[in-house]
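Each of the next two complexes has subunit A plus one more chain, namely subunit B in the first and subunit C in the second.
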Partner chain A sequence: MRLPRRYKIIQFLIFLGPILTITVLLYAMIAWCTYISMSDWRSAAISLRFVGFRNYADVVSTERFLVSLINNIQWMILFMIPTTFLGLVLAYLIIMTGKETLFRTIFLLSTAISMTVAGTLWVWMYASEGALNTLFKMLGLNFLVRPWISDPSTALYALIFVTIWQYLGFSIIVFEAAIKGIDRAIVEAAVVDGASGLTLFFRIILPQVKHAFLIVVPLLVLAALKVFDVVYVMTRGGPGLSTYVLAYFMWVKAFWERFMADGAAIAIIILLLSLVVVIPYAWYALKRWFG
Partner chain B sequence: MADVRLVHVTKVFRSGKRAVVAVDDLTLDIKDKEFFVLLGPSGCGKTTTLRLIAGLEVPTKGEIYIGGELVNDIPPKDRDVAMVFQSYALYPHMKVFDNIAFPLKLRKMPKREIERRVKEVAKMLHIEHLLDRKPAELSGGERQRVALARAIVRRPKVFLMDEPLSNLDAKLRVMARAYLKRLQRELEVTTIYVTHDQVEAMTMADRIAVMNIGRLQQVGTPNELYNKPANLFVAGFIGSPPMNFVEGVLREIEGKLFFDAKYFKIPLPSDIEEILRGQAPSEEVILGVRPEDMRISLEKVPEGIRGRIYVLEPLGTRTIVNVELGPELIVKVEGPREVDLRIGQEIWLTLDYNRIHFFDKKTEKAIL
Partner chain C sequence: MKSLIRMLREFKMTPVKWLIANTIAWLIGFVWILPFIGIFMASIRPFEELVEGWWNFASFHPTLEKYYEALFHPYYPLWRGLINSLIITVPSTIIPVLLAAMASYAFARFSFPIKNYLFLTMLFIMAVPQQMMVIPLFFMMNSIGLLDTYLGLILIHSSWGIPWITFFLRNYFSMIPKEYEEAALVDGATYWQIFTRIVFPVSLPGIISAAVLQFAWVWNDFFFALVFLLSPEKYVATRILPSLKGEYHVDWGLLSAGSILVMLIPVLLYFALNKYYIRGFTGWALKG
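This part shows the complex of A and B:
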């Protein structure tokens, strides 16, 4: 919406309250966390002696950190790409069917469920005698039958699939809104001009939903970077280290092993990694807001 | 080049239990190279008719022929029609060149030929200098010409235009009207043009089809519609200011036929009397007179209708005089240029009996 400059300033003032609250609560806490990460708080007793970057060096040199980082990167790619493109394609197909309300409800249901519930649900699904294996046996696909989340070679991918299943609804809604925002006449003009099926999708629809990628992709990447609950509920990082991720590693360090300073250091590393995504995104958003 | 034929075409839109008849049993015969206008108020079914011809809607009943070929089951892209949309529907992510070239690219035309054709059309429409711009950087008039170029470049059998000038400002619209008409003459492509603006229809069309609530009211040349409206709707829709209507009854007094409105009574000339005696199905009729078919005199004239000037509407070249013939009965009359009139003045109106119309009050059909 194009507004005169005066209104933009008023808009900004209205948001100033929440902005200040967030700044104090969030950024003060980040500062606090940063300080802890440079302290020697490594037991149940609080100790805040400054030790510099020693904790970072310790944490980064562990095998668990390296495995977690690689798993997070895998998660990011294998989760973000299919969720984005399936979301786009499904949104397009749903609109084509004309039964949007029905399909939107179906796909949103998984997004609406809490990650903890979804995790529990999928533990049953993936169990040796669970729904998935039973289904494969029924279909005669015995070679696919395996202990999905207790097998180190499949556990990570099984978990990634759960997050795709959870976030697909979100991706669909964003793309659905973007596609519906396209002027109908433009699509009809293309149809009369001779476009159909794939041509219509790739040459008319896709270029006009670019802005939706700017919403979906950064949010999905951040979700993959922060992923914790599904790991905690389903595998606790196992078997072995096969589903270890940074957020889980952080939790283990800080609240299980009670190396609070190490946990804080991992938290700050996750934050820094997030900033790689957030800063360009925020830059773009602010540029659009202030024109 | 092609003629377009619609045979008993009906389109019903259903949403849930509600059914809306957008086009009701429409039969039209549009000739090759004709500039044919579908005219009517919003919701009359004219745009639906155009979309049916384009293939964007499927008829519920009836047949559509383009160039003699039944196209009911042929998808839009294979009908060889080009459409210009009210919103222009330019592809926002493509440059003007690519917008115009798009239909040709889809037809897998060689690159050289595409470039030649796009440049040729751009030159014709004076938009060569805009080829590198995006639609967002163009003015309304320029966008309109790009939309037109995209339609022309294909050299289709039929142009379909859905109110292509309605988003332009008044001055530009008058200019665009002329160049569009001229362009159509030069290209000699059958054109079906939808508008709600009767002036646009009158000035541009070879023939006009007037539609209302999904039904065809009348088809004819602009002159036919103006001078011989088939019913009350057409009579009232075409002409600005519109035709005056006065309700009354036909009454015979001492062997002579009179038109008796509440506030005045006029004897009818014998030729009209003859026609009305033969045709009028009921006594109740509506008299229709266009503003220019009445004369104002300042002195009493025999058979003149007495009235009082209610208000004057000067338009520069002429003045529309609103004359009060009775309470709540005001007619608009094209006033004399040289005479000064003032509000409240008493005047007498005489009708040009060769140009008056009578409509049956019940059927609203023209009797005369």
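This part shows the complex of A and C:
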């Protein structure tokens, strides 16, 4: 790297110019969104008079916000926990079957398609006369037959399952790679000491795949906080408000009712919730990379 | 790696355990793949045949009629959506991958004062939800005349892709041995030459992985397309699909054929570049 200084700067700009520009631009957008959330822009015509936190107060006090927030939290928990643990267990089982390539192909297929397609596909599965109900009727499980996504008591959970269906493959291969990366000597020593089956899994495998949890869990939580496509395609937030989530509420406010300021306020709230998840993770990652 | 797995099998496997592992894995695998088979059957069979379940083959008359109907739908022709998706996706893959490759080369090899802070600043963007960007971008695109244009959406997707691709490729580049580059540098090559002649070709597998993921992400995106493309003749495939549902009467055959058509390209890409796709998912942890 012993080059004349001026020459160095040119090189620097060639390689880093585009990304610097984009980073600055994206940060400007964040700042701007923050400002809009404190403005009185509530109609088609732009208006940027500063009103402080009034929009936040208005948004937070609505029923739709409360329902969305609770639904997002439910989504986070009921999506993240099964996807993570099913992923870990299946990764272990798949390695035991010795047919990793085949199972990888099966489970990753649903990650390759659009959320929109997944939603459409499951609308068809869940429909009153759809595949799921037909199957239950055929098996004599008539008590399970119901209009899954038009029934307010099951709609949210039916949608959450669709996201589990889409993300499980991702969770599986991250854990699979982690399990395969475990040092052979550790497992061997444990086996020699007589560890087997569940003991091996809980005492040896589980602690050795900690870093995989640190990839899977934050990504799943962020996905649950941003969930939008599935709701838009499958239920549009209904029936009633039963499947309303923050990202959908934000879209409705900003691009349907044209209350841009309120939409921006919801966007900021989604960002703040994401940061709660990301900051501890980033802290940990930083210590690993740069510490 | 192989040896660990073989050992797990040698040491631990009894026939009962093998049976349990296989049963559970096959069962869940079957449930996971079932919707694909179902939607395919629904797309090639007339509705009357599906009432008893698509697995009932008492009468079986496959037809591609619904595919034709979906492609040439009078209000929402899917063929145009698929073309629009391609027009958006191809440049939105090439541009960010090239720019990000350059940036991550700089991050992996140059040393400059604020490098780590800059990297972090960029990393933070990956946590920012799309919802944060759309309102100011909507306003900006509108005022510079790029709202509802292909170019506008391509620029947005490209900018949105650059941070994560840079992060991904930086991990990849820092694993490449430096010897060749140092030799080339001694021989008087510029960084640009080193990048284009050595680093880029050597790291092509990583670059393909990033490109596959970016392609899939842009093709599968719905939110940006929903907000930034407003005129129906510019709708991308994922935007048209929900419209095929209709207001009152749902034509399941049409909808399933549409689903198959929209997922066709990413699924083919997934099968063709499976290895790169998987590396794209697992590559994050490599330097953990």
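By our rule, the second predicted complex is superposed on the first by the 269 of 291 C-alpha atoms of A that agree within 3 Å, B and C clash if a C-alpha of one lies under 4 Å from a C-alpha of the other, contacts with A are read in each partner's own complex, and residues count from 1 in each chain.
Criterion: a contact is a pair of C-beta atoms (placed from the backbone, for glycine too) under 8 Å apart; a residue touches a chain by one contact, two chains touch by 3 or more.
Bear in mind that the values here come from a model prediction, so they are computed numbers and not experimental data.
Visitor: Identify whether subunit B and subunit C fit side by side or clash on subunit A in the overlaid structures.
Guide: They fit: once the shared chain is superposed, the two partners occupy separate space.
Visitor: Touch check for A:Ile149: first (subunit B), second (subunit C), both, or neither?
Guide: Once the two structures are laid over each other on A, A:Ile149 reaches no partner at all.
Visitor: Taking the superposition on A as described, I'd like to know which of subunit B and subunit C A:Cys33 touches: first, second, both or neither.
Guide: Touch partner of A:Cys33: subunit C, not subunit B.
Visitor: Compare subunit B and subunit C by how many residues of subunit A each one touches, and report the one with more.
Guide: C
Visitor: Using the touch definition from the top, say if A:Ile106 reaches subunit B (first), subunit C (second), both or neither.
Guide: Only subunit C is touched by A:Ile106; subunit B is not.
Visitor: With both complexes overlaid on chain A, does A:Val278 touch subunit B (first), subunit C (second), both or neither?
Guide: Only subunit C is touched by A:Val278; subunit B is not.
Visitor: Quick one: is A:Glu188 in contact with subunit B, with subunit C, with both, or with neither? Answer first, second, both or neither.
Guide: Both partners.
Visitor: Give one of first, second, both or neither to describe whether A:Ile266 is in contact with subunit B, with subunit C, with both, or with none.
Guide: second
Visitor: Minimum CA distance, subunit B versus subunit C, superposed model, integer angstrom?
Guide: 5
Visitor: Once the two structures are fitted together, what part of subunit A is touched by subunit B and by subunit C alike?
Guide: Correct list for subunit A: 188, 191, 196.
Visitor: Which residues of subunit A touch subunit B in the complex?
Guide: 183, 185-186, 188-196, 199, 203-204, 207-208
Visitor: Would you pull the subunit B residues touching subunit A in the complex into a rising list?
Guide: The contact residues of subunit B facing subunit A are 54-56, 75-77, 81-83, 85-87, 89-93, 102-103, 106-107, 150, 154.
Visitor: In the complex formed with subunit C, which residues of subunit A make contact?
Guide: 1, 11-12, 14-16, 18-20, 22-23, 25-30, 32-33, 36, 46, 86, 90, 93-99, 103-117, 119-125, 127, 129, 131, 134-135, 138, 165, 168-170, 173-174, 177-178, 180-182, 184, 187-188, 191, 196-197, 200, 211-212, 214-215, 222, 225-226, 228-229, 232-233, 247, 250-251, 254-255, 260, 263-264, 266-268, 270-271, 274-275, 277-278, 282, 286, 288-290
Visitor: Okay, in this complex, where on subunit C does subunit A touch?
Guide: Within the complex, subunit C touches subunit A at residues 1, 3-5, 7-9, 11-13, 17-18, 21-22, 24-25, 28-29, 32-33, 35-36, 38-39, 42, 51-54, 99-100, 102-103, 105-106, 110-112, 116, 118, 120-125, 127-140, 159, 162-163, 166, 190-192, 195, 216, 219-223, 226-227, 238-239, 241-242, 245, 250, 252, 255-256, 258-259, 262-263, 266-267, 269-271, 274, 277-278, 281-282, 284-285, 287-288.
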